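Chains: A, B, C and D, in written order; residue numbering restarts at 1 for each.
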Amino acid sequence: MTLTDAPTTAASLRDRYVAIRGTTEALAAPLSPEDQQVQSMPDVSPTKWHRAHTTWFFETFLLQPSLPGYQAHDPDFGFLFNSYYEAVGPRHARPHRGLISRPSGDEVARYRDAVDEAMAELLDRVETGELAGLSDLIDLGLHHEQQHQELLLMDIKHVLSVNPTRPTYRRSEHTSGADPGPAGWVDHDGGVVSVGRASGDGFSFDNEGPVHDVLLRPFRLADRLVTAGDWLEFMADGGYRRAELWLSDGWYTVNGEGWDAPLYWFRDGDDWWIHTLTGVRPVDPSEPVVHVSGYEADAFASWAGARLPTEHEWELATRDVSVVEGNLLPADHLHPVAAATDAPGVRQLFGDVWEWTASPYVAYPGFRAAAGAVGEYNGKFMSGQMVLRGGCAVTPGDHVRSTYRNFFPPSARWAFGGLRLASEA
Amino acid sequence: MTLTDAPTTAASLRDRYVAIRGTTEALAAPLSPEDQQVQSMPDVSPTKWHRAHTTWFFETFLLQPSLPGYQAHDPDFGFLFNSYYEAVGPRHARPHRGLISRPSGDEVARYRDAVDEAMAELLDRVETGELAGLSDLIDLGLHHEQQHQELLLMDIKHVLSVNPTRPTYRRSEHTSGADPGPAGWVDHDGGVVSVGRASGDGFSFDNEGPVHDVLLRPFRLADRLVTAGDWLEFMADGGYRRAELWLSDGWYTVNGEGWDAPLYWFRDGDDWWIHTLTGVRPVDPSEPVVHVSGYEADAFASWAGARLPTEHEWELATRDVSVVEGNLLPADHLHPVAAATDAPGVRQLFGDVWEWTASPYVAYPGFRAAAGAVGEYNGKFMSGQMVLRGGCAVTPGDHVRSTYRNFFPPSARWAFGGLRLASEA
Amino acid sequence: MTLTDAPTTAASLRDRYVAIRGTTEALAAPLSPEDQQVQSMPDVSPTKWHRAHTTWFFETFLLQPSLPGYQAHDPDFGFLFNSYYEAVGPRHARPHRGLISRPSGDEVARYRDAVDEAMAELLDRVETGELAGLSDLIDLGLHHEQQHQELLLMDIKHVLSVNPTRPTYRRSEHTSGADPGPAGWVDHDGGVVSVGRASGDGFSFDNEGPVHDVLLRPFRLADRLVTAGDWLEFMADGGYRRAELWLSDGWYTVNGEGWDAPLYWFRDGDDWWIHTLTGVRPVDPSEPVVHVSGYEADAFASWAGARLPTEHEWELATRDVSVVEGNLLPADHLHPVAAATDAPGVRQLFGDVWEWTASPYVAYPGFRAAAGAVGEYNGKFMSGQMVLRGGCAVTPGDHVRSTYRNFFPPSARWAFGGLRLASEA
Amino acid sequence: MTLTDAPTTAASLRDRYVAIRGTTEALAAPLSPEDQQVQSMPDVSPTKWHRAHTTWFFETFLLQPSLPGYQAHDPDFGFLFNSYYEAVGPRHARPHRGLISRPSGDEVARYRDAVDEAMAELLDRVETGELAGLSDLIDLGLHHEQQHQELLLMDIKHVLSVNPTRPTYRRSEHTSGADPGPAGWVDHDGGVVSVGRASGDGFSFDNEGPVHDVLLRPFRLADRLVTAGDWLEFMADGGYRRAELWLSDGWYTVNGEGWDAPLYWFRDGDDWWIHTLTGVRPVDPSEPVVHVSGYEADAFASWAGARLPTEHEWELATRDVSVVEGNLLPADHLHPVAAATDAPGVRQLFGDVWEWTASPYVAYPGFRAAAGAVGEYNGKFMSGQMVLRGGCAVTPGDHVRSTYRNFFPPSARWAFGGLRLASEA
């Protein structure tokens, strides 16, 4: 899609509903019932849970309040598949999602079918205008489902990685990329810049607004992402053992966790290997480094004599590109790929890896969370997390925007987090 | 079987092998792939793991050393399905068994088939006398598998219980038992008594020997198990809130864990309900109390002005009965049942519940663990645990003996632990 | 001091050195050797440690590098009394400071005397111009010591509070303040505003610079701090039990910790009492609430339909006052006091309580940490913390400034944290 | 004292009271207020607490019930200085004893003086026969105080050891002992043996009775303790790294804690050094090994092809010696010393180190705890612990007996635990 045009509201919601719901099932299809059951750490949710929770979202926020006569598919599911909506009622504890063997994956499939059927009826009424006011909420449900498509892939990657047999989600051959060469700098003037997106301007999450002005000093941005090859240099130079490069919390974490390489890297003799969704193979120096925490990204930037960009600097840089395109779903890499060697300007802004920024995730001036339970979507998480920008190889391409604010705690590594350097101009 | 005769060695090992291996699969059959995947706490193992680990036992201790040309079914399984045998090599960490989605349950079924096929060949050779020396080890493998049949049921009960929807393993109607009336006492003289079982005298575990003399003072034993009705009186009398009844470690545990009733009991208004393998229903006062810890058993005995029997007192009492019979598998109660009201002597010695004793689990005088890896079976656990005697409703009936020493830490509640009172004569 | 004039450099450093070092000892004087030994939680340091660590700072950063022939007072002290300077070498683990009974308090007093004697010699050389370049570093050491004076009082308050006998640091009578009446709003225009302090403009910490412009929208600030009386209303309205008011991390914390009132409040029957450095007494509704976490401050603001100010908004508000004055040391309240009822404008900007802001503690644009070990002073803590502004009742009055950025994790309650409301204009 | 004669009741209780109370203060005298304040781990209590708690015992169990008109010295002390007597009321949490800076050590001294003064009055009445019935309880209080003298030394040893400066309790020169040569075996016949002590037969704790018969098989006992030299051989042979030597719980602990030598041993280059109460020095191979856990003792015995003695075997061996004598207080070694090389029979039965036995700490047949709060003294700890016998270098010599049952969890190392080997005859 273009950066300036909102997703056309003329497009049939129904078509998008069917397509997106189908994509979730297609992503789950290569996984056995057992694969879909496992929760490998508290941050991870089982595939089965993602399939059920996204369905619960439509049932809870659309069908129950708005489809006359709708009966809950199963009265227990409201408890089991609520993620974090306090206003909706009590819920099953997140770290125990992997302990719930029933409903089975098959029963969850029936739940999805039943809700899809009821949603078809609701979508009819939306199309006829009877319930036109619901289209924004349905759109939210679809974007929510797309977020969970990415989470499903992030999570199953972790689930498979803790298995000592190192199984593969979907095997494919890896072709090493071309060496992208050293990064160059692209200068930006800064000044008073308008950032964020207004709620009427196509779909966006509430945390992307209000549109407001910020004052930026002149800065420069690297024209490509930091690569695995760059990271190997950082490691060879003692990056993980030099306290002076690290934030205090980062130094505590790196030592407490024993980190000496990105997540999913492992050593075999003298060589570093990597576990990906498509198989295990040697680290490819040309590809962007991924699965580093915000602490590691910050330490790398210190080591490189640079810093991370702010989220506003990154957003300003996207003004130079006209469309959201890159290594995003439905591309089937499922992993970042080497930057094009012949492209001008700032490459890899969208896709490949979520770029850690220097910006804590806080409210934009004048932010108000949406009313009701969906107001819990973003605002209550504005504490202790950092903003990441741009989407990654497992983000649906029509889900991300130049104003999109992803967020994770700086210690998180199971997200597809990488980085790009910035510095004063 | 009788108490004095060992299982006849004339019985075809092959028949027992086929029967016992089949029973394991039959016990797992009602469970979905997801049910079989879950590990609800570190003490619990997934059903799938039990099925694989018992197979690994035959593969590791019989096929690999003794069947010429045998190739491991899968080289990873030695790591994944070793439980605690240090001598056999490194192993997957116990608390993470539930995270291993692959091999799937179907692959485990194939593993079982492959090993059973190879074992058939080995059993042929045993039958022809070529490998006659292996029959003891095969017998150990079969008793090991029977132990895991009980563990499988104990564990899946816990797995299902943590699901807020309270699913059932195998639904059946409960018929309340007749009130067994107050317990009576049966006196025993004590004196110098021979306990334990010699290794040549039919199958027994190494921890049941050597046979040795102990000096017992006169004592009396209750003629029935403590019931749920008795336990309700204990609770009503403040049993869980009166420090003077408890061992110090028990008091610490009961407060730390917030225990106020046996495991699997829950309150619904004024009534106590119970989660069983066959469904959820009100507590039946006539049935033996089960799923109490050793601490609770000890506190109850203090409250009742009595004590727990020693393991030797219990063993002496079995001299009065001629056969091992009771509520044991393949009976399908899967839960203790009320004592017969018309039976003389000490009732319920075998079956229903494992009876907590006052005896720490330590070596009998002169005990030596078996040589090699199977020597890790029992001896290394002789620390911090208590002996339980008699088998329970989910113990295979031909697996338990009067000399059988089960053991658990006094804090454990997920085993089918109950109690019988004793006192000085 | 005035807000615009830096502390005069003409003032004898020696006089300030003697005065500030003496103040530390005077603050410790009411405390027994046992009081000075205790560390009541990992965040707290023993009084004895504060006295030694501040001395170590002068020894390590001034005497050892710059006083010819200086010998370390005790070679072990470099390990024991280094707080967090990685560049200086290994150090004793922070949570174990309370376990070090030797050196005793008396030995620490001798350490202070020895270092003060050597510093006198060094200060002579500074005064004569021989070592003039050191005066900035000595100034840093003195401000460091003043920070630890506040920490000493914060920490001993906690130490005494965990004693069930509720002992008092220095008993004095409390006179209830006059009701300050409802808070009013003072409007500010916003716009492009210069914030921060340049390093040459009197003493400041590195994190206060560089001076830079920020763009502020119009806003309003409450003309007084939130009071204990306001807080009682919040509590009465279910403030601690309403999820919708809280950040997700805050809600998790408030439930995990069981918070239902500020730290140091306790209930006696229907009344709330408070533990202060000067004694235990009923909560005084007229005084500013203190010892609330950033999470609680944020929840209160939500409840009040307002928000917390940003650090820049707060700094802009100080342009309206000409001097830093308020309830600060050496005033002997040691606790916030009620706002003056007859004062115009924004009251209580300085002193009473550190005001939680909405601003995460991050680097100002262009920030570079100082070179060498003292560069670890501030920069490495720029993660996971929030900025607080204005000083409190236990902050030395000549230590705080309009540009001063204090910082704590949003969960911290043992600092003297309170709040003032802000909102859009 | 002799083994068969009880301490003469003709001896003036008053003299013993004064002497024993004075010894406690003498043991505390070398310690500063800060030393006496520190609790270095939950198992350890501060010296100040020991001094206060032993005083509380006399106040609570003697003065308050039996001295007319006695007023509690301080109403808070009943809460602060109750150790574990549930029947006496709530108490301060054990792990937080080190956080209570007030009362100070000086105030505790005044508490001791006040109670001693009141006890003098009570002892007068006991001597005149007016309160003759109290002498047993006073005797219990004195033995209780002697137990805490040992605990005081055990605990302060740990407190000083966690200080990286390795301070000394009371410095003295160490003279290496003569090599005791290889251990020999002394045979015992076993048979039916009477063990334990009747309550009327001089002072004993309730857990030493009732006297009862046990049936022992023939056994042999090493004629000396295991030495540090023996232990170095065990270490050199991989003792800490060979799973097959260890109980499962022991193996888990040794790996989890990273043990590779006894507590208080540390390596300096190729040499092993030891921290003792009298200073730091190289390990002396001739002296008994001490500060090993029960797990280590058991593993050593396995390595040596032997086992630990049962408590009854040990008790039987004391029948061969006529008096309790050995390296016990008031001898001032404060550490085990090498066995005499010219002594016949089983050496070192009393003193030097508490000998870990193979016996879990459980009730003797027919045991009943004393009525009332003092009944909590021993019985409630009969779970999860092992019996140790014989006293150690910091046990008062007139406090230990052949029937004395000390007990610690098998993981405990800060007690003066060592071992002697046993085996089948």
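Here is the rule we go by: contacts are C-beta pairs under 8 Å (C-beta built on N, C-alpha and C of every residue); 3 or more make two chains touch, one makes a residue touch a chain.
This is a predicted model, so every value here is computed, not measured.
Engineer: Starting from the Cα centroid of chain D, hunt down the chain whose centroid lies farthest away.
Structural biologist: Farthest from chain D by mean C-alpha position: A.
Engineer: What's the distance between the Cα centroids of chain A and chain C, rounded to whole Å?
Structural biologist: 38
Engineer: List the centre-to-centre spacing of chain C and chain D in whole Å, with centres computed as mean CA coordinates.
Structural biologist: Roughly 47 Å separates the two chain centres.
Engineer: Provide the C-alpha centroid distance between chain B and chain C, rounded to the nearest whole angstrom.
Structural biologist: 60
Engineer: If a residue has to touch 2 or more other chains to count, which residues of chain D qualify?
Structural biologist: Residue numbers touching two or more other chains: none in chain D.
Engineer: Show me, using the given definition of touch, all chain pairs that touch one another.
Structural biologist: A-B, A-C, B-D, C-D
Engineer: Which residues, counting only chain B, touch chain D once they are in their complex?
Structural biologist: Checking each residue of chain B against chain D gives 84, 86-87, 192, 212-215, 217, 243-244, 246-251, 295, 298, 358-360, 362-363, 365-366, 376, 380-384, 410, 424.
Engineer: Quick one: in the complex, what on chain A touches chain B?
Structural biologist: Contact set of chain A toward chain B: 32-38, 40, 48, 76, 79-80, 92, 96, 98-102, 104-105, 159-160, 162-165, 167.
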